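First chain A sits with chain B, and in the next complex the same chain sits with chain C.
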Partner chain A sequence: MRIVVAHKWAADPQEAVVGADGAVDWSRARPAVSEYDAVAIAVGRQLADASGAELVGLSVGGPTAAAPLAAKAALARGLDSALIVADPALAEADSAVTAQVLAAAVTELGQVGLVLTGDCSVDRGARLTPAVLAGWLDWVCLAEVSAVRWDPTGLSLERESDGGWQSLTLSPPAVLALAAGAVYPPVPGMKDVLAAARKPIRQLDLGQLGLELIRAPLLLAAAPAPAPDRRGVVIDAMDPALAAAELVARLSHDGLTWEGRP
Partner chain B sequence: MPFHLTDEQEIVRASLRQFAETEVKPLAAQLDREHRPPLETIPKLADLGVLGMTIPPPYGGSGTDYLSFVLALEELARVCATTAVMVEVHASLVATSILRFGDQAQKTHYLPELAAGRLIGAFALTEPGAGSDAAALTTRAEADPDGFVLNGQKIFITNGGFAGVFVVLARTSPAVGPKSISAFLVDRDRPGLSVGEPERKMGIRGSSTVSLLFDDLKLPRSALLGQLGQGFAIAMSGLDGGRTGIAAQALGIAQGAYEEAVAYAKQRVQFGQPIARLQAIQWLVADMATEIEAGRCLVYQAADRQDRGLPFSDAAAKAKLFCGPMATRVTHSALQILGGNGYTEAYPVERMCRDARITEIYEGTNEIQRLVIARSALR
Partner chain C sequence: MTWINYVIATGRPVEGLVERATAVGGGPVWGLAVGPAPVAQRLAQSGVERVVWFETAADVPAEALARGLAAQVTARPGLVWAGRTAPERVLLGAAAAALRAPVLTDAVDLWLEDDRLVARQAALAGRLWLTLAFDRPVAILLEGGPAQADQPTRASVEIVAGPALTHPLRQVDWRPRGGAPVDLKAARRVVAVGRGLKAALDLGLIEALAEALGAEVACSRPLAEGLGWLPKDRYVGVSGQQVSPQLYCAVGLSGQAQHLAGARTADLIVAINSDPDAPVMAAADYILCGDLYQLVPALTEALS
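Up next is the complex of A and B:
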């Protein structure tokens, strides 16, 4: 059996700069394996070790996804091999398009019992890809999975969300999106980094996958940040006690203190 | 020469950045305040494969190239210079000396222990009367029927407070000069070894710096590292690579201080605008960025020469001579940008200023690097 981890080579948001107008400048953000995907790879490694499955990384994207660094950075986190689908047509792929390509690649790989994903992609964060992928594959999909255990009869899962906690059993195949805190992914060790260079990487484009996209990707035109509500009030701080009293009075007036609350 | 890191080196850097941020940085201020070595980090560094980066896989190490090791030191020093020098002395001075000059039994015995962090290494060359003039050392190892008897004193020995094995340089014949010096592997538990109280220092306060006293310490013949009379060559060979490591430590300290200063300048508002908009601050930042980049080129080039088997003593000395003073300048510029806050322990920059200074002194002072460089230039 194969366990696939779908991961994205995406710009690291920690290196993005948010301007005063709320616009995000991604130009200096270098791509990386996101912390969400690192969780999926770490859980995948545990399941593959428990089940004897091969752990395959699958990444879909534009030409940058084809950089050897992209595959090696994911392989160093514990994958056994990598399949990259890189095509200029996928440079701006949205969740629906990405899921369609992932589904075709999973089918091409064959013998896949489980697809794991991170909680969301770091750059878009739509949280749609796992569900649409499961739709294409006609498999079960569960998100916010906080723990997975492999046993010979199937998988036992835990899901935790604001709404509560669930314990489930499941027979593969399935698509599982791991909660961000499911495990603390280990930092790739030096031996893992060197081993990654020797692991197999296979690369395909859309033509080789024999795939026609359902439609052109949906492009994000703008995502304006909500304007901060600034009053521009300056409190004279010459007398700290008076200044503090005025600050408290203004906050109470706006209902921002506990005073008078039930 | 533009410097392109390989994919593996990029991943090593990213891994070490993540490790340093999560495991090393949170301890740095405390280690400094308490003058306490980062013992709790040793098993984590071993698990990550950092302690064995200079040790090949057959001996349990990760066996990366030297440039990767230098990247690791840079990333550690960016957040904690104390942790960086602990690793540098252990993996560079000690492990590489054993790897290059040890016999099979010594390599098999020590290298796996060093890679796993079960033994930490220390390198004992300096004496009260022999600092820059290391060949003037007077510690004696006299031959006796069972091996050698060691007598003498070493000072300023990094990692000495907890190291399990010491590379000790001692005179094996009464003749003066480097040819009468030999190197020995001395286990901590040998009777006759006393370890002094840790020095209280200006910077790298968490680093253990101690004196060693050898009082009729008996060594078997098998403790001799390399040939009789080869000790000075072993020490100089270790220090060549070590200098690139210390240059990387200086580079990392400078980078850390630079990042603190840039972040501060963007958010500190004076005269109605972030101070980053003031030309006086911009020029400081521009100079810091340029100096760091220049230092990085020298450090990576020295490490790369070492990896490619080219002569690198001169390149390592240049990297150290440039990066030590550069780190002092950059950390002080960073402190200036932080103003009064920079002078307080609430920010890491004052520590970085104190930590930077030692990189101009140990493993050869600036003046000694100039001697090495001039000797090569005027040959």
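Up next is the complex of A and C:
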């Protein structure tokens, strides 16, 4: 059996520069394996060791997804091998398209019992890709999973839900999106980085998958988000009691009341 | 052709989403209720034209019915609307794949124009606004929540059974975490705390302030997901809760774009932080630069 971790080579949008015309400059941003994906890889490693499965990393994206650094960074985190679908047509892919291509690659790979993902991608953060991927595969999907245990009869899961802890069982195949805090992913050491250089990397051509990609929405306009319309009143906080009194007075003036506790 | 608007409900209030679908969708609004009977009964009174009910036993999570829901929407395609909780997202994703539909997330505003759905989308953690035009069908992830307007009590509409196609998934146990689940979206005041808090025990300070303000306690992501000091339903941000309170008091919280995007629509933001250069300071109405361990008790005192 194979366990696939779907991960993304992406930069933090905080590091992008948004121009006055809405153009985005990513040149100063450095892509990385996001911390959420590292969680999925770490959980995948544990499950692969427990079940004897092969742990395959699957990354879908624009040409940067095929950079040697991208695959090695993910492999150093404990994957057995890497599968990459990189194509200019996927550079701006949203959840719908990414999920469609991931599903086709999982099918092409074959013998996959489980797909793991992080909570969300760092760049888009839509938290929908695992759900749409499971839809394409017609597999069961669960999100915000905080623990997974493998046993021969199926999978046992834990997650936080409705203010409590839920224990679940399911039969593979399945797509699981892991909670960001499921594990603390270890930082790869020199040995892991060296081992990564010897692990197999395979590229799949998007054309080979024979997909008619979901039509992206038409972009009509882009603009920087309007600056928050905030007052920016600085209250001198040298004396905490005076500062507190001034804040309460200002909030009261704004119409907030403290009796009756709305 | 007439496009159906499907609104997915798994137990959380979706009246607000039904309102948006009715106002924007340009077609009849149907409810897709996934869960035990009360989920369908509530949805039947929310303003939808009819309810398709995917009944689940008490030990079957809503996600198990994704297959039936997908079959329903492909039988008569349309726009599918769902909120942001884990089961709502899974069901929406199943519908999107079944319809081969594009997905719309993080919409700030949306409307119909020339028979297309046009949306203003907050991209890049809320820093960039894109205007996008979608051909239907579309899968729309949008904060639902309670109704915006005062709604009259409605007569219940017809409830029909949906296709019973399930995935093999069972809940074997559920243990309360302690403390009732919180609906931050409904809170009129919120006190949010970040990494400026040194220890979990110090949460008492924040809780006292929240009580004096009549507010709910919220936090930034690291406190809920890394440190686990607060439950996840109290974390505000792009991937957490998105709130619109009258007052948002950010305490010891730097205010990264990913966090502030979750509180963007608060009426008033108060920032209490020792770092004058923290991003939250530039996004606040009232700024108190100093030690939260002195300022928070002083504020609690001033309120009581």
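By our rule, the second predicted complex is superposed on the first by the 199 of 262 C-alpha atoms of A that agree within 3 Å, B and C clash if a C-alpha of one lies under 4 Å from a C-alpha of the other, contacts with A are read in each partner's own complex, and residues count from 1 in each chain.
The working rule: contacts are C-beta pairs under 8 Å (C-beta built on N, C-alpha and C of every residue); 3 or more make two chains touch, one makes a residue touch a chain.
The model shown is predicted, which means the values in this text are computed figures rather than measured ones.
*Asks:* Quick one: classify A:Gly113 as touching chain B (first), chain C (second), both or neither.
*Replies:* neither
*Asks:* Once the structures are superposed on A, label A:Lys72 by its partner contacts, choosing first (chain B), second (chain C), both or neither.
*Replies:* Touch status of A:Lys72: first partner only.
*Asks:* Just to be sure I read the superposition right, which of the two partners does A:Ser171 touch: chain B = first, chain C = second, or both, or neither?
*Replies:* So A:Ser171 only meets chain C here.
*Asks:* Between chain B (first) and chain C (second), which, if any, makes contact with A:Ala197: first, second, both or neither?
*Replies:* After superposing on A, A:Ala197 lies in contact with chain B but is clear of chain C.
*Asks:* Touch test for A:Gly62: chain B only (first), chain C only (second), both, or neither?
*Replies:* Neither partner.
*Asks:* Using the superposition described at the top, determine whether chain B or chain C touches more residues of chain A.
*Replies:* Result: the larger residue contact count on chain A belongs to C.
*Asks:* Give me the intersection of chain A's contacts with chain B and its contacts with chain C, in residue numbers.
*Replies:* Shared contact residues on chain A: none.
*Asks:* Please output the residues of chain B touching chain A within their complex, sorted ascending.
*Replies:* That would be residues 7-8, 10-12, 14-15, 18-19, 22, 47-50, 52-53, 57, 62-64, 68 of chain B.
*Asks:* Which of the residues in chain A end up touching chain C in this complex?
*Replies:* My answer: residues 13-14, 16, 18, 22, 24, 94-96, 99-100, 103, 119-120, 123-128, 130-136, 138-144, 156, 159-171, 177, 179-181, 214-226, 228, 230-235, 237-238, 240-241, 243-245, 247-248, 250-251, 254, 256, 258, 261-262.
*Asks:* Can you list the residues on chain A that touch chain B in the complex?
*Replies:* Within the complex, chain A touches chain B at residues 32, 68-69, 72-73, 76, 187-194, 196-197.
*Asks:* Under the touch definition given earlier, write down the residues of chain C that touch chain A in their complex.
*Replies:* Spelled out, the residues of chain C in touch with chain A are 11, 61, 63-64, 66-67, 70, 84, 86, 89-98, 100-106, 118-119, 122-135, 139, 141, 167-177, 179-182, 188-189, 212-214, 221, 224-226, 228, 231-233, 238-239, 246-247, 256-258, 260, 264, 268-270, 282-291, 294-295, 297-299, 301-303.
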